[in-house]
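Read through the structure below, which is laid out as structure tokens, and then see the notes.
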Amino acid sequence: MFEEIFENVRKSVPLIHSITNYVAVNDCANMLLACGASPIMADELEDALEITAICGGLNLNLGTLNRRTIPAMFAAGKRAGELGHPVILDPVGAGASALRTDTALRLLQEVKCTVIRGNISEIKTLALGSGTTRGVDADTADRVTGEVPAFVRDLARRTGAIIAVTGAVDLVTDGERAFYIYNGSPMMSTVTGTGCQLSALTAAFVAANPQQPLEASAAAVCAMGLCGEIAHSRLTAQDGNASYCRYIIDAMYRLTPAALEKGARYEVR
Amino acid sequence: MFEEIFENVRKSVPLIHSITNYVAVNDCANMLLACGASPIMADELEDALEITAICGGLNLNLGTLNRRTIPAMFAAGKRAGELGHPVILDPVGAGASALRTDTALRLLQEVKCTVIRGNISEIKTLALGSGTTRGVDADTADRVTGEVPAFVRDLARRTGAIIAVTGAVDLVTDGERAFYIYNGSPMMSTVTGTGCQLSALTAAFVAANPQQPLEASAAAVCAMGLCGEIAHSRLTAQDGNASYCRYIIDAMYRLTPAALEKGARYEVR
Amino acid sequence: MFEEIFENVRKSVPLIHSITNYVAVNDCANMLLACGASPIMADELEDALEITAICGGLNLNLGTLNRRTIPAMFAAGKRAGELGHPVILDPVGAGASALRTDTALRLLQEVKCTVIRGNISEIKTLALGSGTTRGVDADTADRVTGEVPAFVRDLARRTGAIIAVTGAVDLVTDGERAFYIYNGSPMMSTVTGTGCQLSALTAAFVAANPQQPLEASAAAVCAMGLCGEIAHSRLTAQDGNASYCRYIIDAMYRLTPAALEKGARYEVR
């Protein structure tokens, strides 16, 4: 199944519009190119409106959120919704500041999000309206355990969005079915913006597979984790997190749909 | 000829002011350093005005264009013109949105551009006032074929600028003479911002060779393409677009003027 | 001594808030992760105020300074001061434009800075209120020689800040004691933002060692220089400044406190 999903990305070359933070933006663009998609960034209101219309998917990321680009996020999000484009929301740092929490909550009210991807602290903040996010990292008290947490299921049902909670084990659910994903490497957390890259990737996978957004989101999470594993196996004794960042993107560039199918490790419950 | 042009860059260490997008900006800065120039970025109106005055060339790039930095582009462009500094315009995404198209067209009216570098869709948009740019990539229907397209020649004559159209074959012309350049690798399009890097590089080459902007622009295009070739030959089976991006800049760092002279593949018509 | 200082960084994982330029920001984030700290970027006034409160240190960097983020710098700087967090000021390009010079001078008046790190031209500008900065690089007429320059000592005493002047030889002083640091490689100046990375690193080291900011600053400068040396020894004949940039961050990721202790080359006068 993931093989075909990934093939659809490579075949359709979806154009993905990202309004994202300036920390991870270059890696997000190269990750999109690596998976076979095409990136474009536009964050000024009128520009964002037009650009999103020529794209196939929209990636909204709240890192380095600012007053100038918030209206662009709302406008592009609504326009994408009208056009039936998938919208991915990455609520970076929700729970860490009122601006980020409030913007994320307002986006959920006004924009039809297809997928919300975050760490468990960020997702909990969106679900409960408050949280304990430590900066942009998940609170260590928050972990996905056996069951789909009720707040995740509720958030999925309430918003109609697929919720992708990434951590040691990743959880992707539409509130009914849940993918538990075991790909990945702990070293991915030593690279800035791997979560942001995953959100961009998810936009590409969902845009290329509009009929199965849950499976496409799970495939993107597996692909990212698998690339984290492949990249890790390539590290020399001198390589650190900067080379690792390159190797993850390189791995996506080299990843074949068949290799994704074979390397994906997950359960559906 | 290209040997001496490149030597002039290395000898004079031109300080290049870039107002460019936040996607490619880091790679632009390292590309400038790699070729022997020195980068500085300033995009706030009053800062840009002062900074451009201490520089030797100005690189204006419309990617992630926004209301705050547009006035800085106009002011810096005019100041650079008054000071006789070369101005390079990279109309990223012209034809994809009204903001980008209009800003590019207005810049052409108000700022004396020394070089305009873009893909053929972007150049066609500037020449004809409309276009079919697919995001930031060239429309596949647009290609440089045997003759210099009339719209390119006309744009060069009308603006007095050198037009550098990059694609499978690159074309650099002042409306009279034309360099057809065969260096490069198709894989360069899998790295975000190689065009933006080339525009920054062109600013450095032209700033260091004020008497021969056409030849300097052609040399920059050859150098970039040659580095794309050298970098490609270095790829291992695990390397992808992220490592390739590093290798292109590395190749520029290692490129000697003599190697550029020898490796440049072009015709003048 | 440096061993323990670096161990404190790795043990305490300080969360560092950076308001920094968009050229070097990704490398700053990965450098912070490499040393064992955790990065967060927030530059919108209200967001910056809240984010800085959950952090352990604040890094203010004037590269790509703009009107939107200047108030955020002042507000975050004051808040950090009230909370007793260390504030690192990196006056990129002070002396090159009035906006940068004036903002740096005003920050010194209104924000209690723990460390000021810059090249000697930038530091001289802050000390004397004017300077000869050539863009973001030090004027070659400015060099640290045998004695601590009077203007450095005076700036330290007047502001109560530790002054870190980086160049061929680095000088870190509180106006009384001075560390002369011999680590580093000339090739570090061919990578954009190594100074910015060092400022972020210094914030992490000082935040993790609040009782000995002078020693912590010196340790950070030694660590950065040592990583520059380690990275340099790793270069192949094809590697250039882009790979070198990766290797420096990689080296920090791999650097052990014991290796820092052993590799640090400095004198205290």
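Here the chain labels run A, B and C in written order, and each chain numbers its own residues starting at 1.
The working rule: a contact is a pair of C-beta atoms (placed from the backbone, for glycine too) under 8 Å apart; a residue touches a chain by one contact, two chains touch by 3 or more.
The shown structure was predicted, so the numbers you read here are calculated from the model rather than taken from an experiment.
In this structure chain A contacts its sequence twin chain C using mostly different residue numbers, the overlap staying below half.
Least-squares overlay of CA atoms from chain A onto chain B yields a rotation of 120° to the nearest 5. Centres computed as Cα averages put chain A at a distance of 32 Å from chain C. Among all residues of chain C, those that touch two or more other chains are 22, 26-27, 68, 245-246. The part of chain C that touches chain B in the complex is made up of residues 21-24, 26-27, 63-68, 93, 96-100, 134-137, 190-193, 237-243, 245-246. For chain C in complex with chain A, the touching residues are 15, 22, 25-27, 29-30, 33-34, 38-44, 46-47, 50-51, 54-55, 68, 234, 245-254.
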